[in-house]
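Across the two complexes that follow, subunit A remains constant while its partner is subunit B and subsequently subunit C.
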Partner chain A sequence: MTATEIDSPPAGTASAPALRLEDVRVELSGSSGRVQILRGVSFEVPRGQIVALAGESGSGKSTAMLAAVRLLPWGAGVSGTIECQGEDVRALSSRQLRQFRARTARVIFQDPWSSLHPMRSVGSQLVESARSADGSLSKAAARELAVETLRRVGIPDPKARMDVYPHQISGGQLQRVMIAMALVARPAVLLCDEPTTALDVTTQAQILDLLRDLNRSEGITVLIATHDLDVIAGIADRLVVMYAGRVVEDGPAQQVLAAPKHLYTWSLLQAAPAHQHESRLRPIEGRPPRSDENLPGCAFAPRCPGARDECTGELPGLELVAVGHRSACLPVQQQKEAQQ
Partner chain B sequence: MIGFLARRLGLLLLVVFGVTTVLFVLTRLSGDPAAIMSPPDAGPEVLAATRERLGLNDPLWLQYVNTLVSTFTFDFGQSFAMDTSVSSVLWSRLGTSLYIIIPALVIGPLVSMAIGVYAALRPTRRSGRAVMGAAFLTDGVPYFLLAFILILVFAIQLGWLPATGNASYAALVIPVAVLTLQAVSATSRLVRGQMLDALGQGPVQTARSLGLSPAVVLFRHALPLALPPLLAWLGIQFSFLFSSLLVLEPIMNYGGIGNLLVRSVNQRDFPVVQACVVVFAVLITTVNIALDVAVRGLDPRLRKAS
Partner chain C sequence: MILQTENLEQSFPVSGGRRVQVLNGVSISVNAGETLGVVGESGSGKTTLGRAVMRLSEPTGGRVFFEGRDVTHANSAHLRRILRRRAAMVFQNPSTSLNPFLKLVDALTEPLAVHRIGSRSERRQQAYDMLERVGLDRAQAERYPQELSGGQRQRVGVARALMLNPALVVADEPTASLDVSVQAQVVNLFQDLQRDLGLAYLFISHDLALVSHLSHRIAVMYLGRVVEIGPAAEVFDRPKHPYTVVLSSMRRPAGEQLTPGGDPPSLLSPPTGCAFHPRCPIARPVCSTTAPELTALAETKGHEVACHFPGDLELSGGLETAVAPPPPIPLEAVR
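Here is the complex of A and B:
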């Protein structure tokens, strides 16, 4: 069974996933011509869940997220299917796309310092965000909503904070402001691109708690990109592991962490044998392939402790290896076949 | 903000003080000030009278103080060459120059902004490149040559515009065009670069992700990020503009302050020279202070840092 054969209800129905990428390929212009950044990415984010998009830096997490809201740099070549809340994102007109970004899917970027506008007050940016989503909102009503939302994301003295400029508050508070900017729009989906990477450990935990609370209380679907598996271990429902522009494993978070079905995920976890005590994973030996390298087989094979000859020969597809758990690891797939 | 303004006004006073002092020293170094400040063919009685009138018999420090007082009160006395007070001729000539300075200062930046932003939005398309190429054409041409070309074509060949003078509004067209064109090439390239940079920055990506319209993203988010260096450049352009007046106005026989200064230097009409130089210094400094204030108004990070 291959990825495309997994039963998924047609788009537009209530049970359709909040976000679905299927065979998404992205080409960007690098310094040495066009390079393929995403090489056929397929995964789903079920409604109301928290899904972590994990992988070393450079594996294409940001690219996948930006592709989902069509924020890739000008000239990007995209193919495949991207559906969000029943909408075919790639087919949206520019008007519809603005509506979609304003109301349906909001993005939280990695670096809050360079995401907010340095020359405009926190309040004016919140108000602008709220009114972008709901044009009928008056300025006063938007301000009220902004203050209330700042309070909800845990900003003390939110009224006074409205008039503050981004450089006057801490990174953790800035990231809360970014989250508030998304929440005023009451989006269905929150795409968080390494939302805590730039923050200190304590603040990281607080921001993740906040995201989980919002997911539980509002039912907002959350996709979190991270290169740090520990960070999301506690809050993610599902885990999608990416490597070199492809999804290599995808399954229920606890199951993937306890019994990884791809040697890459396994290595990621092994690289931090004491990962309860360490906050970051130690890198795996070697380096990921560059985006302009085209390996015929599994992209991880050159670094893989359990690679076989076949691994470098042909590309393994993403196959179901347990209930709701897919893997693109040849040794794992062969082992499973042997058991049957 | 008040401390900042006070410091800038202090700077302005310092500039005027410095310019006056340099001029004072130069006149004392370059021979007999009475000879310099008298008409070239003056006899001994005239020189003596000048010496008396200029207070050159006073001790040096008192002369210096008097010079400073006359500068700071903008009272530069009588012109040698013209039968009039310096201030009356100064203000009327400055007024005449403003007829070409102000349009150039408005049109130049606006045109550059339009070209630069247009090109920044189409960095790889032919239309964007074509526009920048056109702007680049005027870049290598010195502005006095540009003036000759425009005069040759529009005044002499086509006869549409007067070749020289400042008698009519039509006569303003060529000098304004020259001053505008010489600024547009460099400025539009700077605008393009700054806008391209701003469009790639995080805050602009955030603005796009909010679903705001392209115009709002461009003007409310990207432009403010691009603006501070552009305003600083505008200050530099403003001083360029004044130095261009010194060549352009004599060429075109335009009766403005640039022409006045050049002629006064040739005629050794020293009080007028001193007055012109002080006015140039004050204007350039004031405009730069105003732009500084504008940048601070724009960027709260600078406001805090003061």
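Here is the complex of A and C:
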């Protein structure tokens, strides 16, 4: 990062953000030709913060996360800037990339059952993970680190747990093991793709508590992709809302939830039964655009309760509408201008 | 009363000649036009309950009554005449529960054909009417399931369940595979159909907020037993069983949530006494030795709790803080 950067980082963190995406576009080959999955995504994950990347299925949240560690399928067309811990992720050689994924940015997937090797003990997978990040680690030291990390993520009797196989422990424990596997590498950034969706409600809360605890005590930067705004409401510092391959709103989590500045975020919050005392829910009519549909204006306009004529014609950019709070909603931007 | 179970038990064989007891004496009832919501985590037995009352499995103990008749061990011909005509099921994943090789019209007329109702053209007409009823266009009748979006597919799943004009619909996590914005559409459809057709629902879900939204009564299940049952508002807003209190607290800000320690117990080695005691914040010695019976509470009619110390664990604040109000619309012109 150079001194020419315009947006100065918030006070206290004198360094560049842990992760920065700028105008990232991703194209994948589908049955109907090339489809745009990401249509110019820009957001930042400040160091030491928890950022939630929220959106419905097809919004591109997982793609954005996978693009950040170059885990997209073969043949994906990527453009734009992706920087993680000051490194240009798109320019890494395959050798550097392996180091980057082992040490700097670790990914935790939705389904712990399919993320672990079913035929190898939990311990041996932890040891492998630790040694891949730090080649100078002896087997014994790696084992010690693994036991310590299992204890850190709240696994009871960690020594004995080293020898069990993934099928012998519950989903919640398994997700803790996944987090431990990431932690043994002492990564700077933890990328979690729907880390609690496959888990029960009470277990979900335990895992989120653990992530917050790790963030607070060890300063690990966390990015969580989620479809459920309410689940991450309690733990995220910032919220990035995506719709149809673009960021539509980005701001401090509590502020976005209490006073959303995009009609999509607002509609989504309205639709959740947790926020509805009335006898009927307020759904968002229609459905999100397909990835092969190209709308000239705001992608949400056809379903939007506040859409105006100009919304369908012109694509709104992400603009500041409040302190640290950006929105890509044209009527909201116009309202803000009128107030000034 | 449409549906009633008495001490329903269901066990399945597992390796080593053992059996796993999934339902352990479940007694519930569903009245005409009523929604009974069943809430529980994985392994609680909620799905098994739905399948057992639909007689997709044969109960190993207890009784199931449907419209007053005992169907616990009814044979298939008998079942077809009573239960299968008058009760239907909506499954979790419409992408796998609809036959990908059947056009919608054929998927919808199939139940009528099985039960030899109407002529071919009458059946088709009914299918068209039902599509419109669930908010789809009749022109879509000639389409295949994969041509529809997830929300539209689940509408078809609902339409198919309704073709025989049932008295009871068992819905097992019908919106779990849908996005929040589309989930609300399907939930509203369920409510509209109940109002118009007088349907009774057994609505199974892990989502307490959703269940409390559309249920008249709620049964909370834990490890094969009903631990709390009662009017929806009571169970949701003034829960008396510590497990329900814990579930209910999940809607609150992170700092106010009661996160239980430990994991959900395994059905293969259930805890002694009350199944929740290893995770319960207020467990006392008696809880680990004696399983509490489901007992009616004196203060509210129809509210039953299986706990030695009902109401000892409470959420502070109560009703008002329970549901976070939706935020204001960001636009003044629309407000």
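Things worth noting here:
Basically, the second predicted complex is superposed on the first by the 317 of 340 C-alpha atoms of A that agree within 3 Å, B and C clash if a C-alpha of one lies under 4 Å from a C-alpha of the other, contacts with A are read in each partner's own complex, and residues count from 1 in each chain.
Operating definition for what follows: contacts are C-beta pairs under 8 Å (C-beta built on N, C-alpha and C of every residue); 3 or more make two chains touch, one makes a residue touch a chain.
Quantities reported herein were computed from a predicted structural model and do not represent experimental measurements.
Residue contacts after overlaying the shared chain place A:F109 against subunit B, while subunit C stays out of touching range. Contact with neither subunit B nor subunit C is seen for A:I37 once the two complexes are overlaid on the shared chain.
Judged by the touch definition given at the top, the superposed model places A:P260 against subunit C, while subunit B stays out of reach.
When the shared chain is aligned, subunit B comes close enough to touch A:P118, but subunit C does not. In the superposed pair of complexes, A:I235 makes contact with subunit C only, with no contact to subunit B. Contacts of A:H167 after superposition on the shared chain: subunit B is touched, whereas subunit C is not. A simple residue count on subunit A separates subunit B from subunit C, and the partner touching more is C. Judged by the touch definition given at the top, the superposed model places A:R101 against subunit B, while subunit C stays out of reach.
With the contact threshold set out at the top, not one residue of subunit A is in contact with subunit B in one structure and with subunit C in the other.
Interface residues of subunit A, counted against subunit B in their complex, comprise 69, 71, 74-75, 97-103, 106-107, 109, 111, 114-121, 128-129, 132-133, 165, 167-168, 178, 181, 185. Interface residues of subunit C facing subunit A in the complex, by the touch rule stated above, are 41-42, 149-151, 179-185, 187-188, 191, 206-210, 212-213, 246-247, 250-251, 253-255, 257, 259-260, 263-264, 266, 279, 323-334. Residues 123-124, 201-203, 205-213, 221, 224-225, 298-301, 304 of subunit B touch subunit A in their complex.
Residues 56-57, 170-173, 200-206, 208-209, 212, 227-230, 233-235, 257-263, 266-277, 279-285, 287-288, 305-306, 327, 329, 331-332, 335 of subunit A are the ones touching subunit C in the complex.
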